[in-house]
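Chain naming follows the written order as A, B, C and D, and within any one chain the residues start at number 1.
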Amino acid sequence: MNQYEYIVAQADEMKDRLTATRRDFHKYAEAGWMEIRTSSLIARKLADMGYEVLVGEQVCKRESRMGVPDEKALDARYETALSQGADPEYAPYMKGGMTGVIGILRCGEGPTVACRFDIDALGVYEDENDSHRPTHEQFASVHNGVMHACGHDGHATIGLGVAKILMGMKENLHGTVKLIFQPAEEGVRGAKAIVDNGNLDGVQYFLASHITDKAEDDPAVVIPGSYGSLATTKYDAFFQGVSAHAGGSPEKGKNVMLAVATAILNLYAIPRHSGGVTRMNVGKVIAGSGRNVIADSASMEIELRGETTEINQFVEDYAKSILESSAKMHGCTCELKLMGSAHSLTSDAVLIDRVRKVCEQDLKLPVAKMDSSKNGGSEDVSYMMNRVQEQGGQATFMRVLTKTSAPGHNRRFDFDESVLPNAVKIFCGVIYDILS
Amino acid sequence: MNQYEYIVAQADEMKDRLTATRRDFHKYAEAGWMEIRTSSLIARKLADMGYEVLVGEQVCKRESRMGVPDEKALDARYETALSQGADPEYAPYMKGGMTGVIGILRCGEGPTVACRFDIDALGVYEDENDSHRPTHEQFASVHNGVMHACGHDGHATIGLGVAKILMGMKENLHGTVKLIFQPAEEGVRGAKAIVDNGNLDGVQYFLASHITDKAEDDPAVVIPGSYGSLATTKYDAFFQGVSAHAGGSPEKGKNVMLAVATAILNLYAIPRHSGGVTRMNVGKVIAGSGRNVIADSASMEIELRGETTEINQFVEDYAKSILESSAKMHGCTCELKLMGSAHSLTSDAVLIDRVRKVCEQDLKLPVAKMDSSKNGGSEDVSYMMNRVQEQGGQATFMRVLTKTSAPGHNRRFDFDESVLPNAVKIFCGVIYDILS
Amino acid sequence: MNQYEYIVAQADEMKDRLTATRRDFHKYAEAGWMEIRTSSLIARKLADMGYEVLVGEQVCKRESRMGVPDEKALDARYETALSQGADPEYAPYMKGGMTGVIGILRCGEGPTVACRFDIDALGVYEDENDSHRPTHEQFASVHNGVMHACGHDGHATIGLGVAKILMGMKENLHGTVKLIFQPAEEGVRGAKAIVDNGNLDGVQYFLASHITDKAEDDPAVVIPGSYGSLATTKYDAFFQGVSAHAGGSPEKGKNVMLAVATAILNLYAIPRHSGGVTRMNVGKVIAGSGRNVIADSASMEIELRGETTEINQFVEDYAKSILESSAKMHGCTCELKLMGSAHSLTSDAVLIDRVRKVCEQDLKLPVAKMDSSKNGGSEDVSYMMNRVQEQGGQATFMRVLTKTSAPGHNRRFDFDESVLPNAVKIFCGVIYDILS
Amino acid sequence: MNQYEYIVAQADEMKDRLTATRRDFHKYAEAGWMEIRTSSLIARKLADMGYEVLVGEQVCKRESRMGVPDEKALDARYETALSQGADPEYAPYMKGGMTGVIGILRCGEGPTVACRFDIDALGVYEDENDSHRPTHEQFASVHNGVMHACGHDGHATIGLGVAKILMGMKENLHGTVKLIFQPAEEGVRGAKAIVDNGNLDGVQYFLASHITDKAEDDPAVVIPGSYGSLATTKYDAFFQGVSAHAGGSPEKGKNVMLAVATAILNLYAIPRHSGGVTRMNVGKVIAGSGRNVIADSASMEIELRGETTEINQFVEDYAKSILESSAKMHGCTCELKLMGSAHSLTSDAVLIDRVRKVCEQDLKLPVAKMDSSKNGGSEDVSYMMNRVQEQGGQATFMRVLTKTSAPGHNRRFDFDESVLPNAVKIFCGVIYDILS
């Protein structure tokens, strides 16, 4: 039995445990920066397997985190997490939104391979209808309005499966493996903080994947690369003006309503870019206090995208100019708070080829005909990939294929759990191929 | 002792009772369409005096009421009102926002004189500091966030004092007196419903007043007329579009954010009017659901004003055109809900002269040098005055003068209660002058 | 015969000469800063009468002039003016838009009285129909598109009549008379330059008038004062951006079209002012070069007004903020060129009373019942009045009444020339009253 | 000598005549719908060769023409064209903008092949510097501001060369050849009128080409297909409102300035489309008449584009909604005049292959490695191609390659005339391949 055969056998053997782990994560779904139970249990398991475990300040740079919930919500989550079985040793490191875990396996000389597994849930109300399998089989989220509707419960599970098998192959690996369990991928809020802490420095190879739907009769289990994910920046804008009685002395006000309206129209009117796709959206506005008062404050949720990081930067610079000038024009101020960001990403062809070869020749797994999927959304794994690539390393973002019951972010999302051992095999196989 | 002397003596004699009544109303302040305790007690007292009493459907035309709170809030108020001493016979008529009372005194042949007394409180948090007299003397509002900060507690009290004295003079009156206790003046929501019910039809004379601050050393007790109150219309606008993923398929949305921004800028850009003052305000906007979703719904609180009813109509027509076209432009719809309205008002010079003469010659009360106050705000008593005037009758809106502790609508508002017997004298004196 | 009788007799006697002079000015109508023939002939006549004459740099401060035509147009006018009988001695001082004349009569000790007579025509095409009296009687403008449609031909004539009579009364005057013949009143471009040159410094009394229509049967010849003229500022705005191919690389442009549209909507949305009337208008826009090019330049004609100088300043400051920010928002620039300005004005009550007394008692001329006319337009005589008033002097802007054939600025405007001797009498009478 | 060799020999032989013809067209450059000299001479030559010639109403459907100059300009061109050697027999058919020619060669049974050659010049001022070859060699445009800066002089010349050779091969062809000399391609104004007249009905094969720059050392003479040309629609919008005095009675106006500003901002804010590229531009606006007048009329030049005809339609529908609602909102009207339009286009792969084979194997001409060029602009040949393709036919739009001295539409544009015989060979070779 060669090492590839070992990987396959081990992964197939752990299938039921993977399913159970995934369902446990699903049931106790935790939103970004709140993954205290999830993170602490991952840390516990990695430690028990023998991994060097990084938590708390070692994972994310505190001030690089974006879109962190308020203290009160974080504290409430902490208390509840403990009552739901969070690991009491590791949980305290995660207080105040310092979630995420990195497991390190050092096997002597050789390159460093890092993998990213994202672990957070979404703000979605899970379907309570019995026809929704998680509800029927009683692993639906116990947290109303928080749901693993994007498969990150599976991603976290895959990471633990990979950890287990690699530890068993330790003697045959030459180099270092970093398994990064990332918080707050939804809203692209977490990856930058991990990169800013230096955790991707010195990494030569990088792998990540996302569970993706496929046709019923498609035998392929993986698309080995991705490109075309849009770079994005997300801001909250806060306008401040001066209130006044709208009938009595309108001239005494500094009316944020005019600033907001001017900003909205001009944001959508940012020029099209000949270099590629752009997007901008003002998704939410709350402005003013009462009918007969000149509005003195407003908040605005903004999302910007560009086909490349440069195009996104063009849009972002223009948007900032619009927001600032719209406010200034009416004697108001506008403060921006960065709520998320991601670069565009492109998998390296040579690593794509390696994944294809390992899967087809070594693991005997069917690979999709296309090398890369085009990803119309945004993914902050791009921060990690870009960091590796700018150091001369290789990175790929794969699609692990399975059947899903509904599109991502839908309240009826679920997936065929056979994807779990398959994904474990692919990660382990490629890592072994690199480090053998 | 002539009848004027009788009035003066009676009013002076009831001073303490007026103060007690005002403080009771103040303590149990009730917002517009919620004045169940207030209305039911007024009805009780009028009935006990011998008045013909109209309540419920007899007062306001149900569908002409504007800005009525939701059923749940109305029901809650009803229950609490009963526990606070609302009259159990009359309260049931007032359920569901059918508040207000009319007391009628028929004294044979002769003209009809109507008086308006408004009875509702405001959405203001009363000052809890002991330096605020109502707090110190323990008649501050027991309802957190509801306060008589505009003197309507005094207005209701004056009406009851007038009722009492007129009943005692019944033999000397020739004609009919209608005492209208109006709900929901704040937000100009109630008067139209009373007019629409025909309660001002056939009225030849109309009197109303508002408590107003004066200089410390000004002996005057009344300004006998008003003009220049702005006509106004208040709308809530509801925009409906279609949501879509802002990154994935922005073209599938119908974006209310664009409609709202277009409407805001154009509303403020409605032309100035050479005929007089105009005002427009978008005081509050809530739009959209999330950062990465094309916004599909929005609400907007709008207030329009004009120096005359015609100018206000110009502004209103223009605003409707803007709102409709802004929505249509983006494939959205915009529905308007009328939340309040008032005409401009002008007191009749001949009735102003009559008030002056009665006060100075008959009641020996000092009158302000100016005939009329300019009223920069809006008052829906204008509906009643206009109805009387368009039938050929005479109407005036007086200012009864006293010292106040803070501007109207302020949480520290209070007034010198000596205004109460003075106002009672003026109303009774003028009514007697007309009906004697 | 007293001096008032002398004035009346003299003015009546010169009636035909006044008419002839007015018609000569009418025929050779000259627009603002182009009044070379008009100015040079006035200077000639004043000099011939014996006045100390100021011309050229002595009248207007060169850099304070607003809305001066281009060099080429000024040169063309100069050449033509000479061929039309401009005075060859004085005309050279007026080259390059340095028009206007001041005649000074010094009569020893005593106060200084200044009078303003505006002399420029308008950009109006005079009616060529024979039913228009100037056409029928052959004194219509020989300059196509330039017409005395606002009566300044009459004003200049009145000034010369006043000059003539005062010189004849020289022995009976004690003080100084300054007769200011102002260029470029249309567009409110000229008065400030005269004030900035110090020509109103030390003036204690100031008189000016405008020919105004009255009812057929109204005997009054003058309204002795004015108030309520709107303060105003007029700007040309020039936007500069960067062009680009609209299809090929729209992101490379800096689009003035977006800046202009943002500015327009926000300018009209400048808040109403509780202190009084405001106005703003974007009367003309020319923007862009071709359909498929991102527009890189635009010009905009703007007019702002306020009921007081302060309110106009509020509007002006706000407008500048809007223009600057609208341009900056899109990476463009916006330069403003001041094209005209006027303050609000208010006649002094004591001088109004003096005019009334002189007219009614001394000159036996009927005066309008109202003291002051409300002037809804703008007048830059306000600069002169304000300068006199801020030094403690008295000023009034009168309406000299007559029948006109059409509203001012209309191509069929003409007036009953009997107003000319009447106005001469009033100016002379009041000046004598002050200086006797 | 086979027929391909005949074609090559003939084309090489006529090289000097092609150059002379091109330079004659260049010198007498005529803008769209004004190509009277050009059209009449083409008709003359086709007739002399023996072609059946269609002119005037036979070519373009009169009412389908877009962006036709005014009558006066057309008449002036007609007169001048005659003086410049226009053919006196054919020119009269072309009066009033009815330019364009179709030459038909019927060779018995067989398919119909149509070719499009566009013939109009641009509104560009040709460089008068002697370093510009047309200036130096004295064939620069004699019409100031009209220049063949896009190579259509060459296209017309190629068409005549093709006509000549095909007539010589008549015996060897089986089917029909239609040579369409199209007016007004610039601004995409002419093709639709030819299609609407039925001239592409029954056509099975369609060829067209454009002269395009290539690298100095690139031996290729043709790119055999194109795709990705943007669909486009061009409108002039005319806004009509009501003027009023901006100071005196602004409320009486219907202000097009507000309508125009609202339209501009919203046009640029039309949503991005997930299906592909969109563009919109307001390239030129002229609005209003004077500073103190509410603007009552405005014109706007608009250009819309979409990556497909459907996406362009989405943009066009949205733009119309914006324009209509922006006007209506302010009581104004907006009329649209269609000034040009084109579909997107895609060459048929099978015809591309055929061109490649004919060039490489039969004509021994090097073909570019890429099958298709992406064309970022717009071309109304798309109307013809779409008509042929929707009938089941095949069409291709080729790029004939040469060296140019400057980008298209530049005042220094010129090209290496060796492209002319090459293009003639390709057209003739492919037509022979089809009809042999």
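Everything that follows uses one rule, which is that contacts are C-beta pairs under 8 Å (C-beta built on N, C-alpha and C of every residue); 3 or more make two chains touch, one makes a residue touch a chain.
Every value quoted in this text rests on a predicted model; they were computed, and no experiment measured them.
*Asks:* Trace the shortest chain of touching neighbours from chain A to chain D and give its length in steps.
*Replies:* Contact-graph shortest path, chain A to chain D, evaluates to 1.
*Asks:* Taking mean CA positions as centres, which chain lies farthest from chain A?
*Replies:* Greatest centre separation from chain A goes to chain C.
*Asks:* When the C-alpha atoms of chain A and chain C are each averaged to a single point, how far apart are the two points in Å?
*Replies:* That pair's centroid distance is 70 Å.
*Asks:* Centroid of chain A to centroid of chain B, CA atoms only: how many Å?
*Replies:* Distance between chain centres: 56 Å.
*Asks:* Could you pull out the residues of chain D that touch at least 2 other chains?
*Replies:* 248, 250, 255, 258, 262, 265-266, 268-269, 271-272, 274, 279, 294, 376
*Asks:* Residues of chain D touching chain C in their complex?
*Replies:* 230, 232, 234, 246-248, 250, 255, 257-258, 260-262, 264-265, 268, 279, 281-295, 298, 301-303, 305, 339, 376-378
*Asks:* Spell out the residues on chain C that touch chain B in their complex, using ranges where they run on.
*Replies:* Residue list for chain C touching chain B: 265-266, 268-269, 271-272, 274, 277-279, 376.
*Asks:* Taking the touch rule as given, give the residues of chain A at its contact with chain C in the complex, in rising order.
*Replies:* 248-253, 255, 258, 262, 265-266, 269, 271-275, 294, 314, 321-322, 324-326, 328-331
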